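The next block holds one structure in the form of structure tokens; read it before the comments.
Order of writing sets the labels: A, B, C and D. Residues in every chain begin at 1.
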Amino acid sequence: MVVKNAKGRPILLNMVQAIHENKQYLGDIDGLIGDGDHGMNMNKGFVTYGERLGEDETTFTDGLNDLGMVLLNEIGGSMGPIYGTIFMDMADSAEEEEDITLEVFAKMLEAGLEGLYGIVDARPGDKTLVDTLNPCVECMKKAAAEGKDFAQALDEMKDCAETGKESTKDMVAKYGRSSRLGERSRGVLDAGATSCCIMLKAMADGMKSVLE
Amino acid sequence: MVVKNAKGRPILLNMVQAIHENKQYLGDIDGLIGDGDHGMNMNKGFVTYGERLGEDETTFTDGLNDLGMVLLNEIGGSMGPIYGTIFMDMADSAEEEEDITLEVFAKMLEAGLEGLYGIVDARPGDKTLVDTLNPCVECMKKAAAEGKDFAQALDEMKDCAETGKESTKDMVAKYGRSSRLGERSRGVLDAGATSCCIMLKAMADGMKSVLE
Amino acid sequence: MQRILNNPDNIVDEMLEGFVKTHGDIVKKTSHPRVLAAVNAPVEGKVGVVTGGGSGHKPAFIGYVGKNMCDSAAVGEICSSPTAAAFLDAFKAADGGKGVACLYGNYSGDNMNVKMAVKMAKKEGLTVKTVVANDDVASAPKDQREKRRGVAGEILMWKCGGAKASLGGDLDEVIAAAQKAIDSTRSVGIGLTPCTLPAVGHPNFEIKDGTMEVGIGHHGEPGIEVCELETADKMAKRMTDIVLPDYPFESGDEVVVLVSGLGATPVMELYVLYNEIEKLIVEKGIRIHKAYVGNYFTSLDMMGATLTVMKLDDELKELIDLDCNTMGLTQV
Amino acid sequence: MQRILNNPDNIVDEMLEGFVKTHGDIVKKTSHPRVLAAVNAPVEGKVGVVTGGGSGHKPAFIGYVGKNMCDSAAVGEICSSPTAAAFLDAFKAADGGKGVACLYGNYSGDNMNVKMAVKMAKKEGLTVKTVVANDDVASAPKDQREKRRGVAGEILMWKCGGAKASLGGDLDEVIAAAQKAIDSTRSVGIGLTPCTLPAVGHPNFEIKDGTMEVGIGHHGEPGIEVCELETADKMAKRMTDIVLPDYPFESGDEVVVLVSGLGATPVMELYVLYNEIEKLIVEKGIRIHKAYVGNYFTSLDMMGATLTVMKLDDELKELIDLDCNTMGLTQV
């Protein structure tokens, strides 16, 4: 089973919609130990991309690249470079591909995480979006190595994203605004981990819808 | 019966004490339709004068003049020139006198009111200290003309001051901060009318204590 | 009350200490503890320009003492006129032998104290003439202009009067320039929150959340209307609708616009407001020669803003454009 | 929320419009909507000085663009770093052929975006070197200075870096001067009230009435201690006790002191605070060469103040004393 790279539009739109629908929720979560703007930041970037796309078709990799560019060039803050890098590096690693196989997708995710590691010091356990992304990368690499069914692997990734996100609840923030709260940051979800979970799940659902 | 001009000290001290004791009350009244600083303003001037006087004796007229100078030179605002003028013009009109008779005192009060009229446009009915001072002047002029007993006249002045002050409750302010409230200024006492009442009653009591 | 204070009774004196320590290159103390003068005051052969007023309006009033603005200022308690004695000493500190122009705002306390000071000065052989600012449109109807308060328009009056004096104007010319400046100026304020006098500890009036007080005075004097809090564009419309027709300012006029915060409104928002005001003024065919946006005349910790518009002629334009160096306004 | 706004999402763009309309004699727009440049930028043969950061800190950052300070600034959303693209365009707007010094504050978003922009600039053949301000003592222990945030000390870094560039310094000299400036500078803030992001509508942290947050950051980052609200003299003591030993500043040193309000504290109170701070510094045998007191680096509508102290040597003194003309700081 593969996702035709050419069929990127429904995947990207699904991601845009999911972030848009969770704007308020993400803002509220960020409000607890951050500054409350995460929903706004993410929504602005994703919706801007969605408007830019309009009625056009896009490949999955071009879509990720364009979304990354919008985030990087028009959102700024931390989310611009962080998600911008993730999406652009994911796109970079597969732009030549016609078919996105499970193996290709696992490499894309890994490239995104590597890119992220190039610009942030956060690692697993630091209560950031890394705690959502990293287990998903691991899970997909393993699934690819085991030659799992793509659809099933995507479902597993959704579970990993959920578990990863939930794991941040009990962590103490080491980076970003909430890190200054120290122990006071424990007990609530990390905003970036939450948006990353929502985004990855939407990506997975979008991909499943065009799996062939 | 007369008040020896030389015996000013107990009169002035009584005035200082009365204002000092009513600092909070005057502030609260001013707070209702003014800016809440009337108690502070008055207290500062009167207490400063009291401290300046220290253990010294003073004539009644010198005391009024010195109090007026403190108000004028150290308090500023509206109260400085208003009470400063009243006290200094009262003193001016009787500084030569050894004995303050009822007639002299009536003239003093009248001079104070005249002085006030020289610097403010407010007249009776405008919800200012004029509504306290004016009836007292009228009352003392009448008492002097009728040759009344000084002590009894002073008691009548106290009543007049009280009635005059109370009359401001039902007035609409035409001058000063509260004037901008228009109809909204009705229903509460005027701060200046209240301080003037307290001051005149204390003056009367002080004078009664040294009547001979 | 979340404020930075020692004993609130000493706030004015302590503020003055800190002010002189900070701006020793611009102002100096005088023999009167409540009078500050420009470092070079009095300037021989120059008309002295003096102002004064209650405290709590920073930069006003001492913040406009300095090069090509005021030579000295008398300082009152918070929201309370300086004493007559302080005004008198301010006159003396500014007197360079050509007389003194006292340019101040229309409040009854200030009026009384200035009048008394002018009388005392006269006795001492010092000629003082006065201009009383009354630019606040909302404080009285147009046919009772003499009752209107002075607000942020005073800054433009000081700018013009001070510049005229520096350029060698005699007393009558300085007075005429300052009078023309304020006569050509109209202001209005909108209050969004009340202010708290440090010695009182709580606001002594109320502006309900979600409402705004149109025409509010610099001491919280009630305005002409309390209405729902509006967006910046509507606020701008409301302010220009009050200010522009009153003079009136018309197509072809050239103006100075001053938007001042009342103290606690973020300056960022003043630019948002000015952006709207500018559109409305330009739309009317009026040319904005110069704009000032910032905290130029405040009311302690009040939120809100004032709009001031001044019509220019050649003389006023030259005076406005002259450089100056004060804590509140430095123009190069 | 009693604020002057249209759609809160547009506040930055509208603020920029108003800012450029007001200060057209100092700054100009560029091809990037979120980059402003000095009217004369780029200056051929001069090192370009660039800064940038989130909005809501007026005068920072665009308020320090102008003569002898920064040549351009990248503008972010409220409390959020500008984009890498904006930083890149700011570099280009400032580039006079001698390279660009990017002087900014230590926040993870700014770090990431500047790094990316520097990389992109390099690809385009433009050399950019950076200095990262980290003057906020309370934001990390001394042995982790690289983690400390940049706060109002950035103004002195811009002043010195900008002056060095104007005086003809090459890129390495400008970077060295700016680095020395910030290395010689320490700051601390005390917050008295929280701030409210316009798009959020309510404060996202709390400072209880009667308490204060010592060491608070410019975005409301928690401080090192929450304690009872103190009088100005005690606050001054607490601030100097944190700032002075950290560098350390010692008897015989000559310093610049900068006291900035956080936005909503009346400026009058900043002078009261400075009056106390000055006493404590002078008592230690330290000479204050120059003091800045005012709203120089704010946090929207937060109440409170920051103290910044910078040790001078002959070079820094010359740079601090050079005249400048920006919205936030005009020195003649």
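To be clear about the criterion, a residue touches a chain if its C-beta (ideal position, glycine included) is under 8 Å from a C-beta of that chain, and two chains touch if they have at least 3 such contacts.
The structure presented is a predicted model; accordingly, all values stated were derived computationally and were not measured.
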Name the chain whose C-alpha centroid is most distant from the C-alpha centroid of chain D.
B
Measuring from the mean C-alpha position of chain B to the mean C-alpha position of chain C, what distance in angstrom results?
33
Just the number, please: Cα centre separation of chain B and chain D in whole Å.
55
Report, in whole Å, the distance between the mean C-alpha point of chain C and the mean C-alpha point of chain D.
29
Give me the residues of chain C that touch two or more other chains.
none
Run through the chains and report each pair that touches.
A-D, B-C, C-D
In their shared complex, chain B is touched by residues of chain C numbered 9, 54, 76-86, 108-109, 112-113, 115-116, 139, 197, 199-200, 204, 217, 219-222
How about chain C: which of its residues touch chain D in the complex?
1-7, 11, 14-19, 21-22, 55-56, 58-59, 192-193, 207, 209, 212, 229, 231-233, 235, 263-276, 278, 288, 291-293, 295, 298, 300-301, 303-305, 323, 325, 330-332
Using the touch definition up top, name the residues of chain A that touch chain D in the complex.
27, 31, 34-37, 40-41, 44, 72-78, 80-82, 119-120, 175-177, 180-181, 184
